[in-house]
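Take a look at the structures below.
Paired with chain B in one complex and with chain C in the other, chain A is shared by the two complexes that follow.
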Partner chain A sequence: MKAEKYTRYERARIVGARALQIFMGAPVYIKTESIDPLEVALEEMRLGVIPITVKRDRRTSR
Partner chain B sequence: MYKRMKLQGVVSIPPDQLGNPLKESVEIALRNKYEARVDKTLGEIVAVLGADQIGEGHILAGRGEVYYDVVFDAVAFKPEMQEVIEGEVVEIVKFGAFLSVGPFDGLLHVSQITNEYISYDEKNARLVSKDSSRYLAEGDRVRARIIAVSLNEKEPRSSKIGLTMRQTGLGKVEWLEAARKAQEAEVALVEKTSRSAGRDKKAQKAPETVTDSAGQALAEAKSAPADPEPAKASDSVEGIGEAE
Partner chain C sequence: MSLSEEQREQISGLGLPQSIQEALLDGLENEQFTKAQFDEVIGQVKSDYDHAGVEPCEAVGVIAAQSIGEPGTQMTMRTFHYAGVAEINVTLGLPRLIEIVDARKIPSTPTMTIRLEPDYARDRDLAREVAWAIESTSILHLGSIATDLAEMNVLIELNHEALAQRKITDEEVAETLRSETGLAVEMRDGMLVMAPEEPSYRELLQLVEKIKRLSLKGIDGIKRVVIRKEGDEYVLYTEGSALKEVLEFEGVDPARTKTNNINEIGEVLGIEAARNAIINEATDTLREQGLSVDVRHIMLVADIMTCDGEVKQIGRHGVSGEKASVLARAAFEVTVNHILDAAVRGDIDDLRGVTENVIVGQPIQLGTGDVQLVAKRRDEVIQ
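What follows is the complex of A and B.
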């Protein structure tokens, strides 16, 4: 139950939002050689440094 | 009237500013969004003083900006109906004068300046009254009342304010000052004459130097020398009649 913090849909939404922010000039939190915003966002997600959380509807959250 | 108020709003922070301190970028965004905005109920927001509470940021699908709910302090100017304002004449035109009313310009139409006929002096850019050669020129300080307000939210520049000076206590500051001095002088004269009339019961002739109304007051005071009060009362009634 507690193994995953986010569902795959939530992860997709977070990475997508973060990639767009990075693309539009937001500061990056990790050291990386990559210049592809999506790759950077995925790496940040892997390291868990993205300052974005999910507000869940109480009825549907597990 | 200027009012300081607490307002609620939403601002968007673009991603390239996410590295800067939040409060700073929120305040910059608030200023850009709300300053100089005209609202029908608030009037014009003149200045945003600062953010008070900044809520959670929201990220909307497909948009890179972060949206914050903010409570902030602001100063707004709202022209209220019947409000008496003191302003400066900023422009004289054929049909009247424009006064600065807070952040707006209000129109004082020629028909609303004095009870007299007013003509436009194009060479000197002045509006001159017909009988008592009073004039209104650019830079004059005046006191006027707001009698029409039409704020345009979409086009703040085309908001209109109508003004009048055809009421007691309104007009160019110099006129008001002159009227006040004249009134004070008259009151002083009436007091002096009624007092001397009360004291000097045997006086046969009224002094020749006093004005008409004061002379009459004196004559009436003499007819009832024991009580000077009725003389004062009748004189003040006549004074009102003259003013009209």
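What follows is the complex of A and C.
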């Protein structure tokens, strides 16, 4: 699985947004034992399956 | 083995700054290495460079402020350093740091470090000649001054040894006095005699004071010059600063001569020299106190101070006072006045900066607050 290059702020936002979705009942993309939405989101982030990305306009991405 | 064209291209393709690229090329030139070693070297340099960089959205300004502010609390409140043999004192420590960020027009103790061309730098006598040519010479250096109350005259007795040493003749002294005061100067038994316009006691004393203040030779602003041997060359330290004039002197090495007056550097050598001067002066002041601050923090401050093409202070009359946003300025000082003036003028605040958004309670454009999330396109989503 390809790991996209995000800054730590972008990772935090993405994981945060995904954890909120999971908390509110969104279907989970991975098989997991965990019931903590944040842990699930982090695991999804690690695997790169979160369907969220960032829009970079003003900056050039590194 | 020298570098192949392909390897050079590989280095320039890394996206490193010019100076690092050059250092890399210099280091690799005429070295023996295999392909794998070459890849390892440039790979390591690239990853170290990326590691040293700062991530987008990082609050660099706040970090710089903290990184300079904290060591600032440990600085001595009032320190004077005696540069060289003795006597020339230079403001250092916290007062000097404040002076630098305040971009004062004239520092409290202006000083210059004058380095000489190779021929002059090695020869003590030549160095001393340059020093005497630069140092502002008053009548008190050359002799004594007295008043004759009976005749209502000012008598100047010149010491001929001092005259010879400073390469000035008594005719020259007389000529300067004549043109500066507009009065007649007579030579009487080796003494210069002058009389004030009105033969009054007050006029006489005023004339004496005026003569004492006159600069007969050298540069007006430079009160003293001290010669000091550093390594195998003689270096001149001055009290007072006049960069433009000093650079024109015979024997002075213009590339290695500096002053601690940042504004003067900005005027004479340009804004980029002023930026470098801010960086050097601030780093030296901190280092002298045994504090080490990463240059990049100081570089950021220097950049902010000079990015408009002139040296601006950090504060009321500079960076903070010239912010575009009303709310940002109001947050800094005299809140009510700024808001009132803005209301009278009908100013508009675009809420682009950090401070304004903190005030109105919105997310700020920093860190996670500056990340815009979008849904991935379907073909981007990993199944």
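Note that in this section the second predicted complex is superposed on the first by the 53 of 62 C-alpha atoms of A that agree within 3 Å, B and C clash if a C-alpha of one lies under 4 Å from a C-alpha of the other, contacts with A are read in each partner's own complex, and residues count from 1 in each chain.
The criterion applied here is as follows: contacts are C-beta pairs under 8 Å (C-beta built on N, C-alpha and C of every residue); 3 or more make two chains touch, one makes a residue touch a chain.
None of the values given here were measured: they were computed from a predicted structure.
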{"item": "Clash-or-fit label for the pair chain B, chain C on chain A", "value": "fit"}
{"item": "Spatial angle chain C-chain A-chain B, Cα centroids [nearest 10 degrees]", "value": "110"}
{"item": "Which superposed partner A:Y9 touches (first chain B, second chain C, both, neither)", "value": "second"}
{"item": "Residues of chain A touched, compared between chain B and chain C (which is higher)", "value": "C"}
{"item": "Contacts of A:G25 with chain B and chain C, given as first, second, both or neither", "value": "first"}
{"item": "Touching partner for A:A17 - first (chain B), second (chain C), both, neither", "value": "both"}
{"item": "Which of chain B and chain C A:I52 touches, first, second, both or neither", "value": "both"}
{"item": "Shortest CA-CA distance between chain B and chain C [superposed frame, angstrom]", "value": "5"}
{"item": "Doubly contacted chain A residues - partners chain C and chain B", "value": "13, 17, 52"}
{"item": "Residue ranges of chain B touching chain A (in the complex, touch as defined)", "value": "14-16, 18-19, 59, 61-64"}
{"item": "Footprint of chain C on chain A - complex, ascending", "value": "1-2, 7-10, 12-14, 16-17, 47-57, 59, 61-62"}
{"item": "Interfacial residue positions of chain C with respect to chain A in the complex", "value": "50, 53, 55-57, 367-368, 370-376, 380-382"}
{"item": "Chain A - residues contacting chain B, complex", "value": "13, 17, 20-27, 52"}
